[in-house]
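Two complexes follow with chain A in common, the first pairing it with chain B and the second with chain C.
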Partner chain A sequence: MLESDKEKVLAALRRNRIASMATVTADGQPQAVTILYVVDDDLNLYFVTREKSRKVANLDANGMVAMSIGLEPPMNVQLEGRAVRVDDELVRADKMAELAHAGADLEDLWPPILRVGKEGYVLYKVMPEKVRALDLSDHNISSEDPPYIELM
Partner chain B sequence: MPKRKKVSILIVEDDQLLAKALEAKLLQEDFDVSFAIDGQSAVEAAVRDKPDVILLDLLLPIMGGFEVLSSLKLNDETKDIPVLILSNLSQAKEIERGQDLGAKEYLIKSDVSLKTVLEKIRGLLKL
Partner chain C sequence: MADEKIKILAVDSDEFLVQVYKAKLERAGFAAEFALDDKAAMQWLAEFKPDVVLLELMMVGGSDGFDFLVQLREQPDAPAVIALTNLAEHEDISRAMDLGAVAYMIKTQVAFEQVVEKIREITK
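This part shows the complex of A and B:
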(Lines of atoms letter the chains of each structure in order from A and count residues from 1; the text may use other names and numbers.)
(Lines give C-alpha, C1' and ligand atoms only; values in the text may rest on other atoms or scores of the structure.)
Protein backbone atom coordinates (compact mmCIF):
# COMPACT_ATOMS: atom_id res chain seq x y z
CA MET A 1 0.00 0.00 0.00
CA LEU A 2 1.42 3.38 -1.02
CA GLU A 3 1.40 5.80 1.90
CA SER A 4 0.28 8.63 -0.40
CA ASP A 5 -2.69 6.56 -1.60
CA LYS A 6 -3.63 5.75 1.99
CA GLU A 7 -3.46 9.44 2.91
CA LYS A 8 -5.70 10.36 -0.03
CA VAL A 9 -8.28 7.81 1.03
CA LEU A 10 -8.01 8.80 4.70
CA ALA A 11 -8.57 12.43 3.75
CA ALA A 12 -11.72 11.45 1.84
CA LEU A 13 -12.95 9.34 4.77
CA ARG A 14 -12.29 12.17 7.24
CA ARG A 15 -14.03 14.72 5.08
CA ASN A 16 -17.13 12.58 4.73
CA ARG A 17 -19.02 11.58 7.83
CA ILE A 18 -21.88 9.64 6.33
CA ALA A 19 -21.72 6.17 4.78
CA SER A 20 -24.16 3.81 3.14
CA MET A 21 -23.62 0.46 4.80
CA ALA A 22 -24.93 -2.95 3.86
CA THR A 23 -25.38 -5.80 6.29
CA VAL A 24 -27.17 -9.10 5.83
CA THR A 25 -29.95 -10.63 7.85
CA ALA A 26 -29.60 -14.02 9.47
CA ASP A 27 -31.35 -15.57 6.45
CA GLY A 28 -29.13 -13.75 3.95
CA GLN A 29 -31.30 -10.83 2.92
CA PRO A 30 -29.45 -7.56 2.27
CA GLN A 31 -30.17 -4.43 4.27
CA ALA A 32 -28.72 -1.01 3.56
CA VAL A 33 -28.58 1.81 6.08
CA THR A 34 -27.04 5.24 6.46
CA ILE A 35 -24.59 5.73 9.29
CA LEU A 36 -22.55 8.48 10.87
CA TYR A 37 -18.93 7.38 11.29
CA VAL A 38 -15.48 8.47 12.39
CA VAL A 39 -12.20 6.96 11.16
CA ASP A 40 -8.83 6.30 12.80
CA ASP A 41 -5.37 6.39 11.23
CA ASP A 42 -5.53 2.68 10.35
CA LEU A 43 -8.70 3.03 8.27
CA ASN A 44 -10.89 1.49 10.97
CA LEU A 45 -14.34 3.07 11.00
CA TYR A 46 -16.50 3.51 14.10
CA PHE A 47 -20.24 3.96 14.21
CA VAL A 48 -22.90 3.85 16.88
CA THR A 49 -26.38 2.44 16.71
CA ARG A 50 -29.17 1.37 19.02
CA GLU A 51 -29.15 -2.04 20.67
CA LYS A 52 -32.60 -2.78 19.28
CA SER A 53 -31.81 -1.79 15.69
CA ARG A 54 -31.98 -4.24 12.80
CA LYS A 55 -28.29 -3.80 12.08
CA VAL A 56 -27.36 -5.09 15.52
CA ALA A 57 -29.41 -8.23 14.92
CA ASN A 58 -27.78 -8.61 11.50
CA LEU A 59 -24.26 -8.06 12.81
CA ASP A 60 -24.81 -10.52 15.65
CA ALA A 61 -25.51 -13.15 12.99
CA ASN A 62 -22.89 -12.02 10.46
CA GLY A 63 -20.36 -9.30 11.16
CA MET A 64 -19.46 -8.61 7.54
CA VAL A 65 -20.35 -5.19 6.14
CA ALA A 66 -19.89 -3.33 2.87
CA MET A 67 -19.81 0.44 2.65
CA SER A 68 -19.91 3.12 0.02
CA ILE A 69 -18.73 6.51 1.13
CA GLY A 70 -19.04 9.89 -0.43
CA LEU A 71 -18.37 11.82 -3.57
CA GLU A 72 -16.57 14.68 -1.82
CA PRO A 73 -13.75 15.35 -2.45
CA PRO A 74 -14.20 13.74 -5.82
CA MET A 75 -13.57 10.27 -4.51
CA ASN A 76 -15.86 7.36 -3.73
CA VAL A 77 -14.52 4.87 -1.20
CA GLN A 78 -15.72 1.28 -1.20
CA LEU A 79 -14.90 -0.65 1.93
CA GLU A 80 -15.62 -4.20 3.00
CA GLY A 81 -14.77 -5.56 6.41
CA ARG A 82 -15.88 -6.96 9.72
CA ALA A 83 -17.77 -5.01 12.37
CA VAL A 84 -17.11 -5.87 16.01
CA ARG A 85 -18.65 -4.41 19.14
CA VAL A 86 -16.43 -2.13 21.19
CA ASP A 87 -16.81 -2.76 24.91
CA ASP A 88 -13.68 -1.04 26.23
CA GLU A 89 -15.07 1.88 28.23
CA LEU A 90 -12.21 4.26 27.44
CA VAL A 91 -12.40 3.61 23.70
CA ARG A 92 -16.18 3.90 23.84
CA ALA A 93 -16.04 7.27 25.60
CA ASP A 94 -13.43 8.55 23.16
CA LYS A 95 -15.21 7.42 19.99
CA MET A 96 -18.67 8.44 21.19
CA ALA A 97 -17.33 11.94 21.82
CA GLU A 98 -15.78 11.96 18.33
CA LEU A 99 -19.07 10.83 16.83
CA ALA A 100 -20.97 13.53 18.72
CA HIS A 101 -18.59 16.15 17.31
CA ALA A 102 -18.94 14.67 13.82
CA GLY A 103 -22.72 14.93 14.16
CA ALA A 104 -22.46 18.52 15.32
CA ASP A 105 -20.47 19.42 12.21
CA LEU A 106 -23.34 18.37 9.96
CA GLU A 107 -25.39 21.53 10.11
CA ASP A 108 -28.31 20.59 7.92
CA LEU A 109 -28.24 16.89 8.47
CA TRP A 110 -28.88 15.75 11.99
CA PRO A 111 -28.05 12.04 11.94
CA PRO A 112 -30.96 9.80 12.93
CA ILE A 113 -29.00 8.36 15.83
CA LEU A 114 -29.09 11.80 17.48
CA ARG A 115 -32.82 12.13 16.95
CA VAL A 116 -34.01 8.81 18.24
CA GLY A 117 -31.47 8.02 20.96
CA LYS A 118 -32.20 7.24 24.60
CA GLU A 119 -31.96 3.50 24.16
CA GLY A 120 -28.77 1.56 24.78
CA TYR A 121 -26.06 2.55 22.37
CA VAL A 122 -23.79 -0.01 20.75
CA LEU A 123 -20.46 1.13 19.34
CA TYR A 124 -18.97 -0.83 16.45
CA LYS A 125 -15.51 -0.84 14.97
CA VAL A 126 -15.32 -1.82 11.31
CA MET A 127 -11.96 -3.36 10.47
CA PRO A 128 -11.51 -3.16 6.71
CA GLU A 129 -10.46 -6.21 4.75
CA LYS A 130 -10.79 -4.61 1.34
CA VAL A 131 -10.62 -0.90 0.51
CA ARG A 132 -10.65 0.69 -2.87
CA ALA A 133 -11.35 4.22 -3.93
CA LEU A 134 -12.46 5.63 -7.23
CA ASP A 135 -10.75 8.91 -7.96
CA LEU A 136 -13.49 10.88 -9.69
CA SER A 137 -11.20 13.82 -10.36
CA ASP A 138 -9.55 11.77 -13.11
CA HIS A 139 -10.76 13.16 -16.41
CA ASN A 140 -10.11 9.95 -18.32
CA ILE A 141 -12.43 7.57 -16.53
CA SER A 142 -13.12 4.57 -18.70
CA SER A 143 -14.66 1.18 -18.11
CA GLU A 144 -11.47 -0.52 -19.35
CA ASP A 145 -9.18 1.16 -16.88
CA PRO A 146 -11.10 2.87 -14.07
CA PRO A 147 -8.86 4.96 -11.78
CA TYR A 148 -9.24 2.83 -8.67
CA ILE A 149 -6.82 3.08 -5.78
CA GLU A 150 -6.61 -0.39 -4.26
CA LEU A 151 -5.44 -0.30 -0.66
CA MET A 152 -6.20 -3.86 0.45
CA MET B 1 -11.57 46.47 27.04
CA PRO B 2 -13.52 44.13 29.37
CA LYS B 3 -14.22 40.72 27.92
CA ARG B 4 -17.85 40.25 26.92
CA LYS B 5 -19.63 37.63 28.99
CA LYS B 6 -20.56 34.59 26.97
CA VAL B 7 -24.18 33.57 26.66
CA SER B 8 -24.73 30.54 28.91
CA ILE B 9 -26.86 27.57 27.98
CA LEU B 10 -27.93 24.83 30.37
CA ILE B 11 -28.48 21.57 28.48
CA VAL B 12 -30.82 19.25 30.36
CA GLU B 13 -30.45 15.94 28.60
CA ASP B 14 -29.75 12.40 29.81
CA ASP B 15 -28.77 11.10 26.38
CA GLN B 16 -25.01 11.53 26.50
CA LEU B 17 -24.45 11.29 22.74
CA LEU B 18 -27.00 13.98 22.00
CA ALA B 19 -25.80 16.14 24.89
CA LYS B 20 -22.23 15.95 23.56
CA ALA B 21 -23.35 16.86 20.04
CA LEU B 22 -25.32 19.84 21.36
CA GLU B 23 -22.35 20.88 23.47
CA ALA B 24 -19.99 20.66 20.47
CA LYS B 25 -22.30 22.76 18.34
CA LEU B 26 -22.88 25.40 21.01
CA LEU B 27 -19.18 25.64 21.86
CA GLN B 28 -18.40 26.14 18.16
CA GLU B 29 -20.74 29.11 18.30
CA ASP B 30 -18.99 30.48 21.39
CA PHE B 31 -21.72 29.80 23.94
CA ASP B 32 -20.91 28.78 27.49
CA VAL B 33 -22.37 25.32 28.11
CA SER B 34 -23.30 23.39 31.22
CA PHE B 35 -25.20 20.13 31.72
CA ALA B 36 -27.76 18.47 33.89
CA ILE B 37 -28.64 14.83 33.33
CA ASP B 38 -31.75 14.64 35.48
CA GLY B 39 -34.61 16.92 36.41
CA GLN B 40 -33.64 17.58 39.99
CA SER B 41 -30.09 18.63 39.16
CA ALA B 42 -31.50 20.78 36.33
CA VAL B 43 -33.57 22.81 38.79
CA GLU B 44 -30.61 23.10 41.17
CA ALA B 45 -28.30 24.21 38.33
CA ALA B 46 -30.81 26.77 37.09
CA VAL B 47 -31.18 28.34 40.56
CA ARG B 48 -27.44 28.28 41.17
CA ASP B 49 -26.12 29.40 37.76
CA LYS B 50 -28.97 31.44 36.23
CA PRO B 51 -28.23 30.40 32.64
CA ASP B 52 -29.38 32.64 29.81
CA VAL B 53 -31.31 29.79 28.16
CA ILE B 54 -32.33 26.29 29.19
CA LEU B 55 -32.56 23.53 26.61
CA LEU B 56 -34.89 21.02 28.24
CA ASP B 57 -35.61 17.41 27.41
CA LEU B 58 -38.86 16.02 28.86
CA LEU B 59 -38.17 12.37 29.54
CA LEU B 60 -35.68 12.64 32.37
CA PRO B 61 -34.71 10.59 35.41
CA ILE B 62 -35.74 11.59 38.95
CA MET B 63 -37.90 14.54 37.87
CA GLY B 64 -39.57 14.85 34.46
CA GLY B 65 -39.17 17.84 32.18
CA PHE B 66 -42.71 19.18 32.69
CA GLU B 67 -42.13 19.15 36.44
CA VAL B 68 -38.81 20.92 35.95
CA LEU B 69 -40.46 23.58 33.82
CA SER B 70 -43.24 24.07 36.33
CA SER B 71 -40.75 24.39 39.17
CA LEU B 72 -38.65 26.93 37.26
CA LYS B 73 -41.67 29.09 36.46
CA LEU B 74 -42.84 29.08 40.08
CA ASN B 75 -39.50 30.35 41.33
CA ASP B 76 -38.88 34.11 41.12
CA GLU B 77 -35.18 33.44 40.58
CA THR B 78 -35.70 31.33 37.48
CA LYS B 79 -39.11 32.22 36.09
CA ASP B 80 -37.72 34.58 33.46
CA ILE B 81 -35.12 32.21 32.04
CA PRO B 82 -36.30 31.23 28.56
CA VAL B 83 -36.81 27.50 28.20
CA LEU B 84 -36.64 25.68 24.89
CA ILE B 85 -38.05 22.16 25.02
CA LEU B 86 -36.26 19.62 22.83
CA SER B 87 -38.10 16.34 23.06
CA ASN B 88 -39.23 13.27 21.20
CA LEU B 89 -42.73 13.74 22.64
CA SER B 90 -44.73 14.99 19.70
CA GLN B 91 -48.40 14.71 20.68
CA ALA B 92 -50.43 17.93 20.49
CA LYS B 93 -51.40 17.65 24.17
CA GLU B 94 -47.73 17.45 25.17
CA ILE B 95 -46.80 20.46 23.05
CA GLU B 96 -49.73 22.38 24.50
CA ARG B 97 -48.76 21.43 28.03
CA GLY B 98 -45.19 22.62 27.46
CA GLN B 99 -46.39 25.92 26.07
CA ASP B 100 -48.96 26.37 28.85
CA LEU B 101 -46.23 25.84 31.44
CA GLY B 102 -44.22 28.63 29.86
CA ALA B 103 -41.78 27.12 27.36
CA LYS B 104 -40.76 29.67 24.75
CA GLU B 105 -40.22 27.02 22.08
CA TYR B 106 -41.13 23.37 21.68
CA LEU B 107 -38.94 21.46 19.23
CA ILE B 108 -39.37 17.82 18.32
CA LYS B 109 -36.03 16.06 18.02
CA SER B 110 -36.96 14.06 14.96
CA ASP B 111 -38.06 17.20 13.10
CA VAL B 112 -35.19 19.60 13.61
CA SER B 113 -31.48 19.86 12.89
CA LEU B 114 -28.82 21.24 15.19
CA LYS B 115 -28.85 24.31 12.96
CA THR B 116 -32.53 24.86 13.77
CA VAL B 117 -31.87 24.49 17.49
CA LEU B 118 -29.16 27.08 17.20
CA GLU B 119 -31.40 29.47 15.26
CA LYS B 120 -34.13 29.13 17.88
CA ILE B 121 -31.68 29.88 20.68
CA ARG B 122 -30.43 32.93 18.82
CA GLY B 123 -34.04 33.98 18.23
CA LEU B 124 -34.87 33.69 21.94
CA LEU B 125 -31.88 35.81 22.83
CA LYS B 126 -32.35 38.21 19.91
CA LEU B 127 -28.73 37.65 18.87
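This part shows the complex of A and C:
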Protein backbone atom coordinates (compact mmCIF):
# COMPACT_ATOMS: atom_id res chain seq x y z
CA MET A 1 0.00 0.00 0.00
CA LEU A 2 1.43 3.37 -1.01
CA GLU A 3 1.49 5.70 1.96
CA SER A 4 0.40 8.59 -0.26
CA ASP A 5 -2.64 6.60 -1.40
CA LYS A 6 -3.51 5.74 2.18
CA GLU A 7 -3.23 9.40 3.16
CA LYS A 8 -5.51 10.42 0.30
CA VAL A 9 -8.11 7.88 1.38
CA LEU A 10 -7.76 8.86 5.02
CA ALA A 11 -8.26 12.49 4.08
CA ALA A 12 -11.43 11.58 2.20
CA LEU A 13 -12.71 9.54 5.13
CA ARG A 14 -12.03 12.44 7.48
CA ARG A 15 -13.72 14.95 5.17
CA ASN A 16 -16.86 12.91 5.38
CA ARG A 17 -18.74 11.85 8.49
CA ILE A 18 -21.63 9.96 6.99
CA ALA A 19 -21.53 6.53 5.35
CA SER A 20 -24.06 4.29 3.71
CA MET A 21 -23.49 0.88 5.26
CA ALA A 22 -24.86 -2.48 4.23
CA THR A 23 -25.26 -5.39 6.60
CA VAL A 24 -26.82 -8.79 6.04
CA THR A 25 -29.90 -10.05 7.84
CA ALA A 26 -29.91 -13.48 9.47
CA ASP A 27 -31.74 -14.89 6.44
CA GLY A 28 -29.26 -13.39 4.00
CA GLN A 29 -31.07 -10.27 2.87
CA PRO A 30 -29.07 -7.07 2.36
CA GLN A 31 -29.94 -4.05 4.45
CA ALA A 32 -28.55 -0.53 4.03
CA VAL A 33 -28.42 2.18 6.66
CA THR A 34 -26.85 5.59 7.13
CA ILE A 35 -24.31 5.97 9.90
CA LEU A 36 -22.20 8.67 11.48
CA TYR A 37 -18.59 7.55 11.81
CA VAL A 38 -15.11 8.58 12.87
CA VAL A 39 -11.89 7.05 11.55
CA ASP A 40 -8.52 6.31 13.12
CA ASP A 41 -5.07 6.40 11.51
CA ASP A 42 -5.30 2.72 10.53
CA LEU A 43 -8.50 3.19 8.52
CA ASN A 44 -10.67 1.60 11.21
CA LEU A 45 -14.09 3.21 11.37
CA TYR A 46 -16.21 3.58 14.51
CA PHE A 47 -19.94 4.10 14.79
CA VAL A 48 -22.61 3.89 17.48
CA THR A 49 -26.05 2.47 17.20
CA ARG A 50 -28.92 1.53 19.45
CA GLU A 51 -28.77 -1.85 21.15
CA LYS A 52 -32.10 -2.90 19.65
CA SER A 53 -31.46 -1.67 16.13
CA ARG A 54 -31.76 -4.04 13.19
CA LYS A 55 -28.09 -3.65 12.34
CA VAL A 56 -27.07 -4.92 15.76
CA ALA A 57 -29.13 -8.06 15.17
CA ASN A 58 -27.57 -8.39 11.73
CA LEU A 59 -24.03 -7.86 12.99
CA ASP A 60 -24.53 -10.39 15.79
CA ALA A 61 -25.21 -12.99 13.11
CA ASN A 62 -22.71 -11.76 10.52
CA GLY A 63 -20.17 -9.04 11.20
CA MET A 64 -19.38 -8.31 7.57
CA VAL A 65 -20.26 -4.84 6.31
CA ALA A 66 -19.87 -2.87 3.10
CA MET A 67 -19.74 0.91 3.04
CA SER A 68 -19.87 3.70 0.52
CA ILE A 69 -18.54 7.06 1.65
CA GLY A 70 -18.44 10.39 -0.13
CA LEU A 71 -21.01 11.37 -2.71
CA GLU A 72 -19.06 14.27 -4.11
CA PRO A 73 -15.75 14.42 -5.98
CA PRO A 74 -12.85 14.12 -5.70
CA MET A 75 -13.19 10.76 -3.97
CA ASN A 76 -15.70 8.04 -3.21
CA VAL A 77 -14.50 5.29 -0.90
CA GLN A 78 -15.86 1.76 -0.96
CA LEU A 79 -14.91 -0.22 2.09
CA GLU A 80 -15.61 -3.79 3.08
CA GLY A 81 -14.71 -5.21 6.44
CA ARG A 82 -15.74 -6.72 9.72
CA ALA A 83 -17.57 -4.87 12.49
CA VAL A 84 -16.86 -5.84 16.09
CA ARG A 85 -18.34 -4.50 19.29
CA VAL A 86 -16.06 -2.33 21.40
CA ASP A 87 -16.47 -3.11 25.09
CA ASP A 88 -13.34 -1.43 26.44
CA GLU A 89 -14.78 1.41 28.54
CA LEU A 90 -11.95 3.86 27.89
CA VAL A 91 -12.01 3.33 24.13
CA ARG A 92 -15.79 3.48 24.18
CA ALA A 93 -15.85 6.78 26.07
CA ASP A 94 -13.18 8.26 23.81
CA LYS A 95 -14.89 7.27 20.57
CA MET A 96 -18.36 8.26 21.79
CA ALA A 97 -17.01 11.73 22.55
CA GLU A 98 -15.29 11.87 19.17
CA LEU A 99 -18.51 10.81 17.45
CA ALA A 100 -20.48 13.42 19.40
CA HIS A 101 -18.11 16.12 18.16
CA ALA A 102 -18.41 14.78 14.62
CA GLY A 103 -22.17 14.84 14.98
CA ALA A 104 -22.13 18.37 16.34
CA ASP A 105 -20.55 19.51 13.07
CA LEU A 106 -23.54 18.27 11.12
CA GLU A 107 -26.54 20.56 11.29
CA ASP A 108 -28.83 17.96 9.82
CA LEU A 109 -27.87 15.26 12.29
CA TRP A 110 -30.12 16.73 14.95
CA PRO A 111 -33.51 15.25 14.04
CA PRO A 112 -32.58 11.65 13.17
CA ILE A 113 -30.73 10.86 16.35
CA LEU A 114 -33.68 12.05 18.39
CA ARG A 115 -36.17 9.81 16.71
CA VAL A 116 -34.56 6.56 17.72
CA GLY A 117 -35.31 4.58 20.85
CA LYS A 118 -34.22 5.08 24.42
CA GLU A 119 -32.22 1.91 24.96
CA GLY A 120 -28.44 1.97 25.30
CA TYR A 121 -25.80 2.33 22.64
CA VAL A 122 -23.36 -0.12 21.15
CA LEU A 123 -20.06 1.09 19.74
CA TYR A 124 -18.69 -0.80 16.74
CA LYS A 125 -15.25 -0.79 15.19
CA VAL A 126 -15.13 -1.64 11.51
CA MET A 127 -11.81 -3.17 10.50
CA PRO A 128 -11.44 -2.87 6.74
CA GLU A 129 -10.47 -5.90 4.69
CA LYS A 130 -10.83 -4.21 1.32
CA VAL A 131 -10.71 -0.52 0.47
CA ARG A 132 -11.25 0.79 -3.02
CA ALA A 133 -11.45 4.49 -3.73
CA LEU A 134 -12.58 6.26 -6.86
CA ASP A 135 -10.15 9.16 -7.16
CA LEU A 136 -11.37 11.97 -9.38
CA SER A 137 -8.76 14.50 -8.33
CA ASP A 138 -6.88 13.94 -11.62
CA HIS A 139 -8.89 15.40 -14.46
CA ASN A 140 -6.98 13.47 -17.13
CA ILE A 141 -8.57 10.11 -16.51
CA SER A 142 -8.12 7.52 -19.25
CA SER A 143 -9.34 3.99 -19.80
CA GLU A 144 -5.71 2.82 -19.60
CA ASP A 145 -5.32 4.38 -16.19
CA PRO A 146 -8.49 3.68 -14.18
CA PRO A 147 -8.96 6.21 -11.39
CA TYR A 148 -9.08 3.70 -8.59
CA ILE A 149 -6.95 3.32 -5.51
CA GLU A 150 -6.96 -0.14 -3.98
CA LEU A 151 -5.44 -0.32 -0.53
CA MET A 152 -6.13 -3.92 0.47
CA MET B 1 -12.57 34.39 29.18
CA ALA B 2 -14.07 30.98 29.75
CA ASP B 3 -15.65 31.86 33.09
CA GLU B 4 -17.59 34.72 31.46
CA LYS B 5 -19.45 32.38 29.16
CA ILE B 6 -23.05 31.51 29.80
CA LYS B 7 -23.10 28.08 31.43
CA ILE B 8 -25.44 25.39 30.28
CA LEU B 9 -26.07 22.03 31.93
CA ALA B 10 -27.72 19.39 29.74
CA VAL B 11 -29.56 16.71 31.70
CA ASP B 12 -30.59 13.66 29.73
CA SER B 13 -30.08 9.93 30.19
CA ASP B 14 -29.16 9.55 26.52
CA GLU B 15 -25.39 9.29 26.81
CA PHE B 16 -24.66 10.08 23.18
CA LEU B 17 -27.18 12.84 22.75
CA VAL B 18 -25.96 14.85 25.75
CA GLN B 19 -22.45 14.74 24.36
CA VAL B 20 -23.76 16.09 21.05
CA TYR B 21 -25.56 18.82 23.02
CA LYS B 22 -22.36 19.69 24.85
CA ALA B 23 -20.34 19.89 21.65
CA LYS B 24 -22.99 21.95 19.86
CA LEU B 25 -23.37 24.30 22.83
CA GLU B 26 -19.62 24.81 23.04
CA ARG B 27 -19.51 25.57 19.31
CA ALA B 28 -22.24 28.15 19.94
CA GLY B 29 -20.01 29.88 22.48
CA PHE B 30 -21.40 28.53 25.75
CA ALA B 31 -19.67 26.63 28.51
CA ALA B 32 -21.45 23.29 28.77
CA GLU B 33 -21.54 20.17 30.88
CA PHE B 34 -23.88 17.24 30.95
CA ALA B 35 -25.45 14.89 33.47
CA LEU B 36 -27.01 11.52 32.76
CA ASP B 37 -29.29 11.50 35.82
CA ASP B 38 -30.72 13.79 38.48
CA LYS B 39 -28.08 12.96 41.09
CA ALA B 40 -25.25 13.91 38.78
CA ALA B 41 -27.23 16.98 37.77
CA MET B 42 -27.50 18.12 41.39
CA GLN B 43 -23.75 17.75 41.76
CA TRP B 44 -23.14 19.82 38.64
CA LEU B 45 -25.52 22.46 39.95
CA ALA B 46 -23.29 22.93 42.97
CA GLU B 47 -19.97 22.72 41.14
CA PHE B 48 -20.68 24.24 37.72
CA LYS B 49 -23.43 26.71 38.70
CA PRO B 50 -25.17 26.72 35.33
CA ASP B 51 -27.22 29.66 34.12
CA VAL B 52 -29.54 27.39 32.18
CA VAL B 53 -30.48 23.72 32.41
CA LEU B 54 -31.68 21.81 29.37
CA LEU B 55 -33.81 19.07 30.83
CA GLU B 56 -35.26 15.89 29.36
CA LEU B 57 -38.34 15.13 31.44
CA MET B 58 -38.48 11.50 30.44
CA MET B 59 -35.29 9.73 31.44
CA VAL B 60 -34.39 6.10 31.89
CA GLY B 61 -32.63 4.65 34.91
CA GLY B 62 -34.86 6.00 37.67
CA SER B 63 -34.45 9.74 37.12
CA ASP B 64 -37.54 11.83 36.54
CA GLY B 65 -37.35 15.30 35.06
CA PHE B 66 -40.47 16.47 36.90
CA ASP B 67 -38.97 15.40 40.24
CA PHE B 68 -35.83 17.25 39.29
CA LEU B 69 -37.86 20.40 38.66
CA VAL B 70 -39.37 20.05 42.13
CA GLN B 71 -35.89 19.67 43.63
CA LEU B 72 -34.72 22.73 41.72
CA ARG B 73 -37.49 24.86 43.17
CA GLU B 74 -35.98 24.29 46.58
CA GLN B 75 -32.58 25.56 45.46
CA PRO B 76 -31.54 29.15 46.09
CA ASP B 77 -30.52 30.88 42.83
CA ALA B 78 -31.85 28.01 40.76
CA PRO B 79 -30.97 28.22 37.07
CA ALA B 80 -33.56 28.71 34.37
CA VAL B 81 -34.82 25.43 33.00
CA ILE B 82 -35.69 24.72 29.40
CA ALA B 83 -37.54 21.45 29.08
CA LEU B 84 -36.06 19.85 25.97
CA THR B 85 -37.93 16.65 25.75
CA ASN B 86 -39.66 14.00 23.73
CA LEU B 87 -42.83 14.40 25.82
CA ALA B 88 -45.38 16.30 23.75
CA GLU B 89 -48.67 15.97 25.64
CA HIS B 90 -50.41 19.15 26.81
CA GLU B 91 -50.55 17.92 30.41
CA ASP B 92 -46.77 17.39 30.41
CA ILE B 93 -46.20 20.89 29.08
CA SER B 94 -48.55 22.40 31.68
CA ARG B 95 -46.99 20.39 34.49
CA ALA B 96 -43.44 21.37 33.55
CA MET B 97 -44.31 25.04 33.24
CA ASP B 98 -46.20 24.94 36.55
CA LEU B 99 -43.10 23.47 38.14
CA GLY B 100 -40.98 26.36 36.94
CA ALA B 101 -39.66 25.57 33.47
CA VAL B 102 -39.25 28.82 31.56
CA ALA B 103 -39.60 27.23 28.14
CA TYR B 104 -40.74 23.94 26.68
CA MET B 105 -39.25 22.55 23.48
CA ILE B 106 -40.10 19.25 21.88
CA LYS B 107 -36.96 17.66 20.49
CA THR B 108 -38.36 16.45 17.21
CA GLN B 109 -40.02 19.79 16.48
CA VAL B 110 -37.08 22.17 16.87
CA ALA B 111 -33.71 22.67 15.26
CA PHE B 112 -30.84 23.01 17.68
CA GLU B 113 -30.35 26.59 16.53
CA GLN B 114 -33.77 27.34 18.05
CA VAL B 115 -32.57 25.95 21.36
CA VAL B 116 -29.54 28.21 21.17
CA GLU B 117 -31.76 31.21 20.36
CA LYS B 118 -33.99 30.40 23.32
CA ILE B 119 -30.98 30.22 25.64
CA ARG B 120 -29.77 33.60 24.38
CA GLU B 121 -33.23 35.07 24.80
CA ILE B 122 -33.62 34.00 28.42
CA THR B 123 -30.06 34.93 29.42
CA LYS B 124 -30.14 38.47 28.00
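What we mean here is this: the second predicted complex is superposed on the first by the 135 of 152 C-alpha atoms of A that agree within 3 Å, B and C clash if a C-alpha of one lies under 4 Å from a C-alpha of the other, contacts with A are read in each partner's own complex, and residues count from 1 in each chain.
Keep in mind that, in the parts below, a contact is a pair of C-beta atoms (placed from the backbone, for glycine too) under 8 Å apart; a residue touches a chain by one contact, two chains touch by 3 or more.
In this text the structure is predicted, and so the values were computed from the model without any measurement.
Look at A:A97: by the touch rule set out above, it reaches both chain B and chain C.
Look at A:M64: by the touch rule set out above, it reaches neither chain B nor chain C. In the superposed pair of complexes, A:V48 makes contact with chain B and with chain C alike. By the touch criterion defined above, A:Y121 lies against chain B and chain C together after alignment on the C-alpha atoms of chain A. Across the superposed pair, chain B and chain C both touch chain A at residues 48, 96-97, 99-101, 103-104, 107, 109-110, 113-115, 118, 121. Those residues of chain A whose C-beta lies close enough to touch chain C in the complex are 48, 96-97, 99-101, 103-104, 107, 109-111, 113-115, 118, 120-121. Residue ranges of chain B in contact with chain A, taken from their complex: 14-25, 28, 59, 88, 109-110, 112-115. Across the complex, chain A is touched by residues 13-17, 19-20, 22-24, 27, 58, 60, 86, 107-108, 111-113 of chain C.
Contacts from chain A toward chain B in the complex involve residues 48, 96-97, 99-101, 103-110, 113-118, 121.
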